[in-house]
Each structure stands twice: as C-alpha cells, then as structure tokens.
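Naming follows writing order (A, B and C), and every chain is counted from residue 1.
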Amino acid sequence: MSEKKQKIKPSVGLFVTCLVDLFRPSVGFATVSLLEEAGFEVSVPEAQTCCGQPAYNSGDMPDTRAIAAQVITVFEGFDYVVAPSGSCAAMIKHHYPSLFADDPAMAERADELAGRTYELVSFLTDVAKVKDIDAQVDAHVTYHDSCSGLRELGIKAQPRQLLASVKGVELTEMENSEICCGFGGTFCVKFGDISNEMVSKKITDIVASKADVVVAGDLGCLMNIAGKLKRENIDIQVRHVAEVLAGQTDSPAIGDSKS
Amino acid sequence: MTVLDTKAARNAILGKVTRALDAEGSDQKARQKVIVARIAKHERGVVPERGQAAAADRRKLFMSQIIALSGTAEHVGSAKDVPRAIATYLKQYNLPAKIRAGSDKRLKKFDWTKTPTLEVTHGPARDDDKAGLTYAVSGVAETGTLVLTSSGDNPTSLNFMPDHSIVVVDGKTVDACYEDGFDRVRKTQKKNPLPRSINFITGPSRTADIEQVIYYGAHGPKHLHVIVVG
Amino acid sequence: MEPTTQAFKSNVKTALGDKQLRRALGTIEQGFVAKRAQTTQALPEFEQLRNQARDVKDHTLANLDVYLEAYEAKVEGLGGHVHWAQDAAQACDIVLDICKQHDAKLVTKSKSMITEEIALNSALDAAGIEPVETDLGEYIIQLRKEPPSHIIAPAIHLTHEQIEADFRDKHTNLDEDRVLDDGAELVAEARTQLRQKFLKADVGITGANFLIAETGANVIVTNEGNADLTHTLPRVHIVVASIEKLVPTFEDAMGILRILARSATGQDISAYTSFTSGPKRPGDVDGPDAYHVVLLDNGRSDMLGTEFQEMLRCIRCGACMNHCPVYNTIGGHAYGWIYPGPMGAVLTPSLIGVDKAGLLPNASTFCGRCEAVCPMHIPLPKMMRHWRSREFERHLSPSTTRYGLKLWRHLACRPKVYQFVTGLVIRTLKALSAGKGVLHKLPFASAWTRHRDFPAPEGKTFQAQWRDRQTKGDA
C-alpha cells in the first residue's frame, strides 16, 4: 500500500451555541458532519458556554464583556470559528469589536476573532465554496429568514442554494419569510403576548406555503415556531437547516416525540 | 409690535448647541465663512437620470406622469390656442364659462377673441370660483411636477381653492429636474427676494385618510388640468 | 398630551384586544410597505440618495449653531420674526402671545407632530382660541379627542363607519338624512366644513418638514393642500419647528425630499411640496401680513454630542413603524405618546426621560427591519440598546433581570459549573416532558407557555455527548 501524504486540513472551532448545546445537540452533530464533509478539521473547545447576547441585548455591558473576553480567549488559534446560528455569529462578528472601544488590546483581539467567525451555511457557500450538498432528503420545505442572519450577515441566497441542491427537497417560499417570528431572545417572555401575535402570523404564512417542513438557521426562532405549531396541533415538522443538509432527518423534529 | 422677548432663550439654545458640538473654543468666524461659502455654492447632489431626456421626450414624460397621477394634460401649438382649450375644458365638466386668473402679462399673448363668451376675472381666489388659471414657471419631467410661484401675477390661492385648477406651462420650460426649476426662480429674482411661496404641485389634491383609499379634492383642487404650450 | 408610556403593558393589552385596530394594521404590509418597495426599486439612485441625505444631515447637525443663525438672519431680512423656545411651555406662550397680538379667535393648523409634542391645542383652547386641524386625518381625531396613531396617517386605526358616526355627531349644521356611504362623500363633507374655517381663520399654524438656511424658507409636504390654505389665507402665519429641521440649501432639501415621500407612502413626491418664506411680498394679492417662526429646542440640544445624535436625522417619514412587526401588532396608541414605533422608542426617552419611557425601547426583537428601510440610515436598534444600557446602569431594569443576568454570567464564565448546572436543568426538563416532545407548562416562563408549547431538550447536552464520543474514540 502506498503512503498517502496527509494534507493539513484547515481548522474550525465549533461555536456550538447555548441553545444547540442544551436543547438540540443533533444540530451540533449535523454541523460537524457538514464541516468535516467540506474538508475541515473540527474541534469543540470545552470551555465554551454562551456568546453573551442575553446580557448584551439587556444593556448589561459589563457582563457581556466578561463573557465575550472568555469566548475570545477560548477560540484563539482556529483558522475559522463556525456557529450554526446567525445571531451568535453576528454577535461575535459585528458586536464584539465595539464592546471593547475603551480597551485597544481587547478590541484588537475581538477584531481578529470577528474576522474569522462565520455562520454555518454562509461559511459553506462563501468560504468553503460548497456548491451542492450530496444528500437525499424527501421533503417539501419552506425557509424562514432569521433576522440577525438576514440583516446583519446578509444570509438569504445561501441556504436556498444549498437546499435546492439536496436531492428530494422541494422548496416553496412562504409569504413574509423575512418578517420576524417574535422570538427576539428575552422579548418572547418579556412581551409574551406581542410575541405570540407575531409567531401566530408566522405560522399562518408557514401553513399557507403548504410545506411539510419549515427550516431556518437559528434554533431560537425554530423553538418558538415549533412551540406554536405544537400548541395549535399543526402537523408541520420544524428542523434546523443543518439537519436537512446533513441528511439527518430520521430523528424527531423539534418538539416531536420519538414515536 | 412687541412679542415676548426670546433673546435669553436664543442665547441659551445656541450656547448649548455650540457646547454640545465641542465647538466652544473654535473660531466662530472661520466656521461661519465655511458655511456661508457652502450655502452660496448651493451645489447639486445626486440628480436622478429619469427626467434627462431630449426636450420633446421630456414633454411626453411630463404629461404622462400628470395623467398617471389622475391629473389631465393637453398640448397646444401656441399661446393663441389656450383660451379655446380652457373653454373646452370648462364645457367638458359642465362648468360655467368663467375663469379666475392673476395679472400675468403672458395671459395677454392668449387669443381671447376666439372665446368671447369666456369671462375672465383677475385677483386672488374667491370661495365660489369653480376654476382658477395660473401660469407655471416650469414643469419637471422627473415626476410630472409644476413649479409655481406666488405673486400678483399668479396668486397662489388660485392653485388651491377652486375645484378645478388649470395651469399653463411653456413646453420649452419643461425641465429634467426640480433643480432646474428652482434655478429659473433664482434667476428671475436676482435682485429681489424670492417669492413668498414656491409651490411644487404634482397632481390634484388627494387623501388616503379614510381606510387608506385615495379620494381627490381633499382641500385643494379635485381636478388639475395642465396645458403645455409649444 | 400626557404620556402614558409607563402603562405600556396595559396599553398593549388593550390594543391586542381591539379587533378593529388589528384589521386596520393588517392593511399596512400590502399598503405602505408594498408601495415603498415598488417606488424605491423603480429609482436606481435611491441608495445613493439615502447616503447623501445622511451626510447632509450629519454636516448640518455638526454646524447647527451656525446654520440656525444664518436661517434666522435670512427670515428677518424678509420681514419675518424668529422666536426661540427652550421648552414646550415657552413655545406655547410665544404662540399665544402672537395670537393675542392679532386678536385671533380662530386658528387653522396643518398636521404638525411638534405642535402635538408641545400640546399647543390645549394651550389655545385654554386661552379661548379655537384651533382647527385641517389635515383630514388630524381633523377626524380632533373630533374624537384622540391622539394620532401614526405620524403620517393619524387616523389609520379608524373605519369608515367610525368616521361617519363622528361626522354625523359633530356636523350638526347638516341634514340628518344625508347619505355618507361613500368615502368620497365623507371627504366632500370635510372639504365643505373646513373650507369655512380656512376662510375665517385669523392665524394659520404649520410645522415644517425642513427649514432652509439659504432662503429662509420652511418646507411643507402634503397631499391635501391643506397646509397651503392654512398659511395663505389668514393674516398671520406661524411656523413651529424644532431646531434639527435645518438643512443648508434648496438642493440639500430636494435631495432629502426625493426619499421622503417614497419612504413614507410610496409616492415619488407628494401632491404639494411648498417652500414658503413669509410675509407676503410687495405686489402679492394673497398671503399673510405677518410671518413668525418659533424655533424649539425641547431636548434636541441635549441629544447633540451624545450616542443619540443620529436620531436627529429623522425626517418623520414613518417607514420604520410601517415595517415594524411590533408596531404592526399593537398600533400607535399603545406607545403612549406622540411618537410610536421604532423612532418613538428611541426619541421618546430622550424627550420625556428614560425613567418614564423605558419600556418602549425594550419592546423590540431587534429584527432590524426599521434600520433597513430608514431613509436616513438611523441605527435604531443600536440606539434602543443604548437606552437599555442606560436603564441597566441606573438600575431601572427589573431586579429579577439583573440578578438573572449576573447568575448567567457567573455560570457562563465557569464552564465546568455551567455544564454541571445546565446538565441538571436539561435532564430535569427532559424528564418533565415525559416523552411528549414538549412541555405545556414552564413555571418560570409562563409568558412563553401561555400561548406556546416548549420543545423538550434532547436530554444530554452536546458537550457531554461530544466528550463521550471523544473518550470512546468515535469520529
């Protein structure tokens, strides 16, 4: 047997996100699978916990800085940092640098991290230059554009491009796919009634699309949407886009029981 | 006539603004010089390409936009033809053969002999005037807009009070953009102050305050008729 | 108008129960939103114009003191009078004084948010002077003694039936048996009623979309033409405008005007855009004899030089609220004061204090749709976050939130403790879900489970599973 010279793969530090870590680890595994398939060496730093958004959006800058400083340290050294979440990736990319305006040394480190941090799907298309996904998933899918990913990171065409390439996937656009689902982090509990009205409108649009599965790139949105569909006894599956792209759709969808 | 003296408030406000802008120590005269120069230059910014067409096309674009906005527009060959156009318009709407106008000298160029029964009175609009006639400074092809200025020649109330507003505009004054229209006003007012009112009028008066449905003649004219001359 | 911003939560409850309001708000997406999209896409230069408008306003604000003085000199050179007011009370006093000087009994007004801000109508009423709103939407809500619910379409929350009822109730000079089935009939009636007011008014009061330093002009934009009748027919024209309305030249104003109507209603330009600088000139046969401008600070100078300065670029187009999913759910009245939606959430705390208005910038998911459509590129979510930050520093946010965030930070900065505690919580939630896939009740998050189920966690965290796989040697 001839010895093959192993090419050094670029390294990715997986920023798994607190929601994926705690509520739906299968999204994390789907993410790893996609990244490895695309030729990256994936590591999962043990000391990661949260990106700091809850504190940041509550105006608690001191706690946000403490958490951000930890993230910056923990994710040093990787060629890329990839998160299966537009909001967490945007937090690191767009908001970390401004957190340390008064601390030039930290600001520089934050900038450096921001430059190599990405949301998963746009990383695959824009950096890894993945054109299509080799998977088979029979599903009639509609896509919800999570706000941070859409407006802070410009994620719009990329998930549609990859979903279209999956064999068996039929994609139907819903009306108002770009309108907020009402999750908004603490908003959904602080202003639960307004949030409920917003998610009700979202599921009306999802149902009207006639799709069987709704996907998005952020687990917060997905848990909100799934929770409402379930309460309304509507039989539409809710999955993270990573699950569909990784062909991992045998497991229960979000909010579904094993049966 | 004295009203409350607000000098103290003036100084307080200006002082606060200057301090907030961190400009307290600066050379006020130097800052003023820069601002005065910028104002005097009144440079144009980005001007949309939309209105920039050859004159005849500009006229067509101008008229089509007026119509799209529920106004009406017609083109006559020369100033002589205007009174007949006015008489025809009034008849079309079953209005009495009366029109209220200002004292614009250009009205004399119209051939009123062709319409002997058309009664023209001059002065500001009165509540029972059904139709008013004004002469625009220019038209703006960009959006089908009329540029009108207030004066004894063209009392501005004529553009707003009657149900029907008829506006005459010379074809050669249909410009590409608003800026061209304003430059005309600047030129004619070189030594005098600008007219009290410079009106950009685009279509008849409208409102959408009843369930977002558009209705015309909210307070201003229900009908705007533009006669482009030459 | 007395703010009810502190009662935001109960205002919201009222709004959510108002079926008629919800129906009216439902028209916005296909109306204002769709029209704006159409018109802005049809103008290739739109994005350039936005950037230019932002730059012009920034330049003007950075030199506001100089521009204000230049404007004042120009107005006075034309025979007008400029008055300065630091706050609402001073502004009302000045207007009342001018009205008294001219023995005014009847005042016509065009739509002006600034006069709502200073509660001018109440001041006029108290002084025995009758103010009449002439913008149809403002006239209707004046009859109903309501505040506006949208800065461009103040009566957007009302139906034909409601308006008809108000007209029948208040226009007692007209035949009871008259038919008002068609909107056109309502408009015609308002036209006739208000025409008499226009003609009889002693004083006309307008706001200003812009004040132009170059010419001393005020710019007013309407579709009805009511502003022009307001300032042309009476003997006296009073303009009330806040100091940030300044722009340097006509060209600067025009650049911004090109994006104002497009952003507000989806029109290329409104029916009437008027540049006026009274009093009437020699030879004029109509127009006011006296022209007064009241320049108002009322909190604007306090915003300059702060992280809220960019809010002074606002041109009051209403695009932000048209596109806001929260505004589209609760409507304008719920915000409790003059300015609703995202711009209201940022501006109101500046004007009346974050202690009173703090809930407004909290009622946002930061979806960012407002900033995406703001013609002046105002970073609205960022400024709402600044307010949240100020509240946090001043301990105005609820203590449960503060302690919760402190606790979260302590856990988040201690990964091993975090993993232990969260692992416990997740296993508990999983057990509580009893295999159903969701939890119907969450005692510490009833605001979620009141209307939604809560998806159950898978049971073992990703970190724990990953660690297991690594130690077992799995890929």
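Details
Everything that follows uses one rule, which is that a contact is a pair of C-beta atoms (placed from the backbone, for glycine too) under 8 Å apart; a residue touches a chain by one contact, two chains touch by 3 or more.
Fair warning: this is a prediction, and the values are worked out from it, not measured in the lab.
Across all inter-chain contacts, the pair with the most C-beta pairs is B-C.
Distances between chain centres, each the mean of the C-alpha atoms, put A farthest from chain C. Centroids built from CA atoms put chain B at 54 Å from chain A.
Between the Cα centres of chain A and chain C there is a gap of 33 Å. Separating the centre of chain B from that of chain C, both taken as means of CA atoms, is a distance of 29 Å. Among the residues of chain A, none is in touch with two or more other chains. Within the complex, the chain C residues that touch chain B are 24, 27, 31, 43-45, 48-49, 52, 56, 61-70, 77-78, 81, 83-86, 90, 93-94, 97-98, 101, 134-137, 140, 153-156, 158-160, 163, 183-184, 186-188, 190-191, 194-195, 198-199, 213-215, 217, 223-226, 228-229, 231-233, 243, 248-252, 254-255, 258, 265, 268-281, 283-287, 292, 295, 297, 301-302, 304-306. On the side of chain A, the complex with chain C involves touching residues 16, 18, 20-26, 28-29, 44, 46-50, 52, 54-61, 63, 66-67, 70, 147-148, 151-152, 176, 178-180, 182-199, 201, 223-224, 226-228, 230-231, 252, 254-258. On chain C, the positions that touch chain A within their shared complex are 12-13, 16, 29, 325-326, 329-330, 362-369, 371-372, 385-393, 397, 401-402, 405-406, 408-409, 411-413, 415, 418, 422, 425-426, 435-438, 445-448, 450-458, 460-463, 465-467.
Residues 1, 3-4, 6-7, 9-10, 12-14, 16-23, 28, 31-32, 34-36, 38-39, 42-46, 48-50, 69, 102, 123-125, 127, 142-143, 145, 150-152, 155-157, 159-161, 178-179, 182, 192-213, 215, 217-221 of chain B are the ones touching chain C in the complex.
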